[in-house]
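Only one structure is covered here, and it is reproduced in the block below.
Chain naming follows the written order as A, B, C, D and E, and within any one chain the residues start at number 1.
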Amino acid sequence: MGVLADTLQGPAVDWFSISPLLVLLGGALVLLTVAALTPPWPKRWYAVFAAKCAVAAGVLSVLLWRQIDSEGSTTLVGDTLVLDKPAVWIAITICLAVFLCALVTDDYLRREGIDGPELYALYLLAALGGIVMAAANDLIVLFLGLEILSIALYVMAASHRKRAESQESGIKYFVLGGFSSAFFLYGVALIYGGAGSTNFNKIVAAMEPTVGSDRTNDALVLAGIALLLVGLAFKVAAVPFHFWTPDVYQGAPTPVTAFMASAGKAAAFGAMLRVLLEALPNWSDDYRPAVWMIALLTLVGGSVMAVVQTNVKRMLAFSSVSHAGFILVGVEAAAHRPGAPMGGDGVSSVLMYLLIYSVLVIGTFGVVTAVGRTGDSATDLAGFRGLAKQKPALALAMTLLLLAQAGVPLTSGFVAKFGVISAAVDVHSYAIAIAAMVSAVIAAFIYLRIMVSMWITDEEAGDVAREPVRVPALLTVAIAASVGFTLVVGLFPGWLINITP
Amino acid sequence: MIDFPILTMLVLMPAIGAVLVALASKRHPDLVKITALGSSVLTGGFSLWVLFAFEKGEAGFQFTSQHAWIRPWGISWHLGVDGISLFLIVLTGVLFPLVIAGIDSHSKSMSDQKRYLSWMLLIEAGVMGSFISLDLFLFFVFFEIVLVPMYFLIGGWGYEKRVYAATKFFLFTMVGSAFMLVGIIATALLAKADDGRVTFDLIKIAENADFAASTGRWLFFAFAIAFAVKVPLFPLHTWLPDAHTQAPTGGSVILAAVLLKMGTYGLLRFGIYLFPEAAVWSRPLFFTLATIGIVWGAIAATMQTDLKRIVAYSSVAHLGFIVLGTFALTTTAVSGGVMQNINHGLSTGALFILVGMIYERRHTRQIAELKGLQKVAPVFAGVFMIVMLSSIGVPGLNGFVGEFMVLVGSFATARWWVTVAAAGVILAALYLLWAYQRVFHGEPDEANQGFEELKWKEASLLFPIVGLIVFTGVYPKPMLERIEPSVKAFIEHVEQHSEYNEPSPGEPVIVEEEHGED
Amino acid sequence: MELFVFVVAAGMVLGGAVGVIVRSHPVHAALSLVLTLFGVAVLFVAQEANFLAAVQVIVYAGAIVVLFLFVIMLLGVDKVEDLRIEPFKIQRPAAVAVGAGLLSMIALAIIVSRDAKPPTVTQSEAVQAALDGSHDSNIRAIARDVFSDHVLAFELTSVLLVIAVVATVMLARKPRKGEST
Amino acid sequence: MTAAAVTVTTTWYLLLAAALFALGVVGVMVRRNPLILFMCIELMLNAVNLTFVALARRFGDIGGQSIVFFVMVVAAAEVVVGLGIIVAILRRKPNATTDDLAELRG
Amino acid sequence: MLDLIWLIPALPLTGFLVILLFGRKLGDPRSGYFATLMVAASFAVTVGVFIDLMSLTSEERSGHVQTLFSWIPSGSLHVDLAFLADPLSLTMCLFVTGIGSLIHLYAVGYMHGDARFSKFFLYLNLFAFSMLMLVLGSNMLVTFLGWEGVGTCSYFLIAFWHEKESAATAGKKAFITNRVGDWGFMMAMFIAFWAVGSLDYSIVNGGGAGMASSTSTAIALFCFVGACGKSAQLPLYLWLPDAMEGPTPVSALIHAATMVTAGVYLMVRINPLLGVADSYAPTVIAIVGAATALFAATIAVAQNDIKKVLAYSTISQLGYMFLAVGSGAYVAAIFHMVTHAFFKALLFLGAGSVIHGMHHQQDMRYMGALRKLMPVTAFTFIIGWLAIAGVPPFAGFWSKDEILLFAYDKSPILYVVGLVTALLTAFYMTRQVIMVFFGKARWHDAHEEHGAHGDLTPHESPTTMVLPLVVLAGLSIVGGIIQLPSWSWIPKDLAHRLENWLGPIVHGNEHELSTSAHDLSGMLALVAITIALAGIAAAFLVYSKHKVKPFEPQILADGWGYDRAVSWVMGKPGRKAFDGVAWADAHVIDGAVNGSGSLVRGTAGQIRKVQSGNVRNYAAAIGGGVVLLLLWFVIARGIL
């Protein structure tokens, strides 16, 4: 009888604002369906297509950026997504990552004989999840984004059927990932219990009155925050939730590792900033010390653990842990100035770091991909021996990228570190700043080791017999791009700093 | 003339050269060498131009050029030269061509040779940059970037334990600069308070910002650690013997002659200049460390069995004098320190060259395996003797002038330390003469019979340096009158920003007329 | 009455959970899981979440557990896991410690904040209308909520399922020649 | 009935859920069979669901329930993928326990 | 002529440069003659300047400064490269260049045929230059320049035959021991500069009145430390005996006539400071001087090496000079310096001639009865002997007597010590003369021992060597003329010439003899003479007539074992300490550096065990993290 009376009004949807998501989704679906129906595409097409989708999404994001410039930031789809600069920034970062990873992946797949559209589709979908994470305005949406990204990554990690390591890394990542996201979800539940909603604005609103007054009644929320932190810390690979990182990074197909280290980290940190600064600004005093501690552990732990490694992928895994520590320093700095819509040096320094590091790490793993040779197994230091003789250009590129990771001036890495450190210093957390720099020195040791084996160590008898290192076209493009970016940003960082929100 | 960006050229010329060398084709080896030499010679030419165009009486910075680099962070490409940095530039400009032309890198292949040369030129660019940059950030960039080529130089062309030495050098120095980077940022951000926008400009900060005493001291130490490592100041010196010994001759020369000076120069220009109060406050510490360094380095040198290590440790001792003079903060002492930078560069550089030649001839640096070289190679021995005497600090050679000025200048403010430091002069004679006796005196055994006399090529590399050694020793006035005004201004700056007052000696009873001003 | 239901259901839930942890045979573990799931379903009903209760039984107890059993049977991985031996000495104490710590902390939090005034939650009028509606309000309300306030989340779940499909395709697809598993 | 004197508040449910969650955690840490390890994760998710539902009732908010609905989907997806990976591995080495899957270490 | 002072050092410098460039071409002997010519020319110039100066009144004689250029102008420190022409510096120049040229000439013969002939004169000229810088310097720093220069040259020349291990070592020893003294000199300069703001003698000396007596004392004593090093006084005399390793002309020029007197010169130069210094300062100097004199004399008694005897006697005579300085007898000090330069140079050259004739045999036990074979050498040597023994009217007598006179006035003890030294001096010199020139020829034994062949009969030396001997002999006879005592029978205008000449330098600070001493002077002279004769007589009894068994205990031969003690300290505990430092540097300091490195590796090695690769452990770690976080949030932040 009253059926006509209550026709459902869904929330208004500004399709343009979510167009990047749609492009990525569409791209993935096309790859899956069309590729499934058509005979295998000629080589490179899958990769190029995926790359194009990423570019398209990126371009749209840039347009959105313009729009924000003119009309300011808004929320979308019934308050569940935010459209603001950090969100778009992360989106662009992720698209860039997808673009480069696609190029790196192309020849890799054919080399390993597992060609096919699925992996690219997963890139795109994972990217979608990541963007959602960074743009979420609702814990559940954020959680779903997280799951999309994670599950995609589980599969990708396990996708190299020939290598037992690949599958082992898959299962490990999966189990621990599920474990930690259960914690995250429980955290969401507890916060829901305290705030009566999972929407950021509502949470802030609901908690406003209790702030300052007697705090006992939000113990639930505090417990929730703890569990949320666990979930996020796991994703960004912060000590002591980092244990999966080396194993997974080493086991996963190298291009996938690159994707994890770039897009994965970017999304996770985007989400972390959202949760801590947007949803829980009133608790900054509570979680800042925790973040501080985690940052310290991550910095030191990552660098120290890296020192004893001999497998380059593992080294880079630990170095990515210590990079996460650096970014956490920025987060800690940002947490001194919560509230104010994603403002403050902290946030921008983190965002800049994410972009720079993503490009950097993909380039690095790109080189590793090439050096890994067929079977993706020659990734220990010995694999790099005498690379300078065999492929001077490649060695030089790797050297530059490593120096950048070490934070040597005139490279993008230095700019990134500089930004984070100055953010920390600006809020007078000197101790963590110095700790960060010192641990950077420790980490530098492993980069030097890699350089040594490329440039200085003499080749041994067996080395000449090894399969030569091939650097196919698309991979070259990817590496060249990231090296170029590294140098340009290193020499003229002004513009980048200017545009970072 | 000023509108020609000559200082910028000092940095760019070698950098461009490095790139060209790297790109040059392997098929024209001579072309590679010529490119490298050409760019370094040009750079040297520019540095000499700076020297001659330099206004004598001027205390302030000359040839300054400033362009915004990273606006959002208030960082600019700000270069300038004053009396304190002038001769460091000239030394760098003159030494590099000599090293590039005169010292064989013993590269295995042509591509090796190319790499060697471009690393060399990169070092030159970095060193030049750090001597002329007037922007904290810019300085740090140069200060840090030098590590990389040096690392590869030691690691790639060094001796037995080269990788260990190179890594040690890289990480050790990096730890130091880790603190400095934080210090630099903190300085800039704290200085911001006064005038809204952030700036990394050395002069602006030094003139405007006044930090609370405690803050200033923390910041000062953040800087000082980095420089102390670079100098190297006892007890942060142990990277140096390894680096020096393992580096190829060219590397050792550069390392000793110019790289270490980035430390002493930094202490002066960035440490004390920015934080006079803290510097004055912490002088006893630095006096003590410097003095210990002088004695300790000398003693350690005496006991070395490796000729190159002796020279390396002698650097520790000599740099101790420079630090002592720098912190003594009297015009004479500071000028002496600045001058000693150059003197040490010349004499120790030459010593490393000579040791390198010995190694090339005998393929050993072990004193025990050398004997009676003076008999078979008297000229070689003679040159070695002159350089050694300058290093010992015998009057009439350059070493003495700086050393004496440092000591006499420091006596007023650091009496007891000077008393000890002066005793270090005895030790200098001890270890060098002992080494000389073991290597050059006595009857040469058959292994050393065939020791070649100094060749013309080698002579042409050494004689310019020897010439400078003698000239500076006999007639240092031209140098001093260019250094002095800047030093005076520097000390006035310190006096303004701290309660330190430069002591002046008791008034002479006879008026100054007797002293011919020229 | 309510108490009785809670106690029984709680018993099922915990009993099942303990079963999952201690039963050494995978199949038994799976069956204990079913027990837990049913208990949860009961509690759902007790919490007036009828629709969810139904889904719980159908999806979980039905699909998921069956899937588990299927895999167990298919791969014949029904090897009895000997729970008496534990390669890592500290593992179990650690497990207990963590479990106890976790439980105590959260329980503490819950108890401390039990009397806190629950925040006022306002339903979107569409949902409210559904709730006021006389018959099968729960399902209608969920439906309206899902398609209004949580529509994005709903769409995202679809993406999730797509990934699941791709995953199975990737992982299960017969390796082409040249590949060896 | 006298039993009605005692009212079952939301807190009871929350505590129960917490207990269930804790059991799940313990399970993950003690069981070696990947499948069972997996079930334990399911336990944890169920605990969360229970919490949501209880809270949803307390607030009279239907949103909580729809969240549970989504969680179930997530759980399903996870199971599918997880089982996929496990199958792939167990095909390679039957009866492998998680302890056997420790090639990557250090 | 006064403005030609610069020529005095310039000429030897020219010689140095020319020989440096063309030495090989000039060769042997031309380069030698050239060098000699240069020094001789500089002597000529000196004479010219000297005459100029003479013609001035005593007031005008002091403070003629010739500034070449400003050397180190920095801050308040202004050091010019300037020369000071005054009676003192000129006196020094005269005998430096005079005796210098003689010894150059001598060396032409002595070094004939040496492989590095020209190099020898290269060093010799450089030495002459440095020595002249030392004495002519108008400020302490220029003096120091020469001071170090002569030190370096003596290093070169001692180690001239560097193939000989002992020679090389001796050279090194000399340099380093001198460095110890230089430390004192530098300290003195530092204090002086900060006291008066300049290093010019005019200002430093003039400022003496103004500054605290403690300051002037410090300057004076630190200078004395330097002097001890240069002039081989206790405890730094060690290097001089070893320095005999050098060619004999070197020993004559550097280690007898000129360089070693630099210390005395310096003390006289700063006599105004000594004047205003605390009274104990001169006393210290006098005591050290006297002690050294006696100490060295005792050692000389038991030496068998012809040059070692002379070396110790030199040390002893220098002791006399410091005794004089300490007693305020600056003129006497200079007087003795000059006479000593004459006769000691003579003796050394004589000894050189003997060695030359004996085919480099230096051990006196293998000599004897040489007076027939080397008449000239013997004759001149005997004159030198009489001079040093203090037999009138030879030069040595007058100077030594005057010193003793002042010593007596300072303190009887010092006088007695001086007297005993005089006795010993006469004794050991007589001993030497007898062993070398008289008695029976013992040189065959040596040759048999050394199993040498051919005709090794000693022979007289060539003219180039003999000529200087004769000249010096003449000077040793009449040298006393320049400063005769004011005794009744001595014409007034002959007496105290040197004193009047040096008046402007020392007036006011020269000790005024008490009347008692003045009256006693004749008496004391007689005592001195008897003592000298007694010494000679005793030596005759022992060594010629063999009435008494010679008393030459080993302890004396070893120089009281002082040298050995010092080298033991340097060798054993000293070396230990050095090794300790080196060890600490390598293991403690660098150990800390490398240790921190291995610490990181170690911890990493431990942590990686946790990275076991097992999922359940990782889960446990995560769980632990969760609990910790909950502890923080729920307990620390929530409930507390």
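Just so we're on the same page, a residue touches a chain if its C-beta (ideal position, glycine included) is under 8 Å from a C-beta of that chain, and two chains touch if they have at least 3 such contacts.
Source: prediction; values computed, not measured.
Colleague: Enter the minimum step count from subunit B to subunit E; a value of 1 means the two chains touch.
Modeller: Step count on the best path from subunit B to subunit E: 1.
Colleague: Taking contact as defined at the start, I'd like the list of chains shared as neighbours by subunit A and subunit D.
Modeller: C, E
Colleague: Using the touch rule from the top, work out which pair, C-D or A-B, shares more C-beta pairs.
Modeller: Of the two interfaces, C-D and A-B, more C-beta pairs touch across C-D.
Colleague: Tell me, please, which chain's centre (mean of its C-alpha atoms) is farthest from the centre of subunit C?
Modeller: With centres defined by C-alpha atoms, farthest from subunit C sits E.
Colleague: Find me the chain with the mean Cα position closest to the mean of all the protein Cα atoms on display.
Modeller: B
Colleague: Quick one: report the Å distance separating subunit C from subunit E, using the average Cα coordinate of each chain.
Modeller: 101
Colleague: Would you mind pulling out the distance in Å between where the CA atoms of subunit A average out and where those of subunit E do?
Modeller: Roughly 79 Å separates the two chain centres.
Colleague: With chain centres defined as C-alpha means, what is the inter-centre distance between subunit A and subunit C in Å?
Modeller: 29
Colleague: Between subunit B and subunit D, what is the separation of their C-alpha centroids in Å?
Modeller: Their C-alpha centroids are separated by 67 Å.
Colleague: Indicate the residues of subunit C shared as contacts by at least two other chains.
Modeller: 91, 94-95, 98-99, 102, 105-106, 108-110, 112, 118-119, 121, 149-150, 153, 157, 160, 163-164, 167, 171, 181
Colleague: So which stretches of subunit A touch two or more other chains?
Modeller: In subunit A, 140, 144, 147, 151, 154-155, 158, 161, 171-172, 175, 179, 190, 196-197, 216, 218-219, 222-223, 246-247, 308 touch at least two other chains.
Colleague: Which parts of subunit B, given as residue numbers and ranges, touch two or more other chains?
Modeller: Expected reply: no residues.
Colleague: Which pairs of chains touch each other in this structure?
Modeller: Pairs flagged as touching, ordered by label: A-B, A-C, A-D, A-E, B-E, C-D, C-E, D-E.
Colleague: Help me check something: in the complex, which residues belonging to subunit B touch subunit E?
Modeller: 168, 172, 235, 237-239, 296, 299-300, 302-304, 330-332, 335-336, 372, 374-375, 378, 389, 394-396, 400-401, 404-405, 407-409, 411-412, 418-419, 422-423, 425-426, 429-430, 433-434, 437, 440-443, 474-477, 480-481, 484, 488, 503-510, 512, 514-518
Colleague: Any idea which subunit A residues touch subunit E in the complex?
Modeller: Result: residues 171-172, 175-176, 179-180, 183, 215-216, 218-219, 222-223, 225-227, 229-230, 233-234, 240-241, 243-244, 246-247, 286-287, 289-290, 301, 304-308, 442 of subunit A touch subunit E.
Colleague: Quick one: in the complex, what on subunit A touches subunit B?
Modeller: Contact set of subunit A toward subunit B: 392, 403, 408-410, 414, 418, 421-422, 425-426, 430, 433-434, 437-438, 440-441, 444-445, 448, 451-452, 455-456, 492-494, 497-498.
Colleague: Can you tell me which positions in subunit E touch subunit A when the two form their complex?
Modeller: Against subunit A, the touching part of subunit E is residues 600-601, 603-605, 607-608, 610-611, 613, 615, 617-619, 621-622, 624-626, 629-630, 632-634, 637-639.
Colleague: Considering only the defined contacts, which subunit A positions touch subunit D in the complex?
Modeller: Contact set of subunit A toward subunit D: 140, 143-144, 147, 151, 154-155, 158, 161, 164-165, 167-172, 174-175, 178-179, 182, 185-186, 188-190, 192-193, 196-198, 246-247, 250-251, 308-309, 314.
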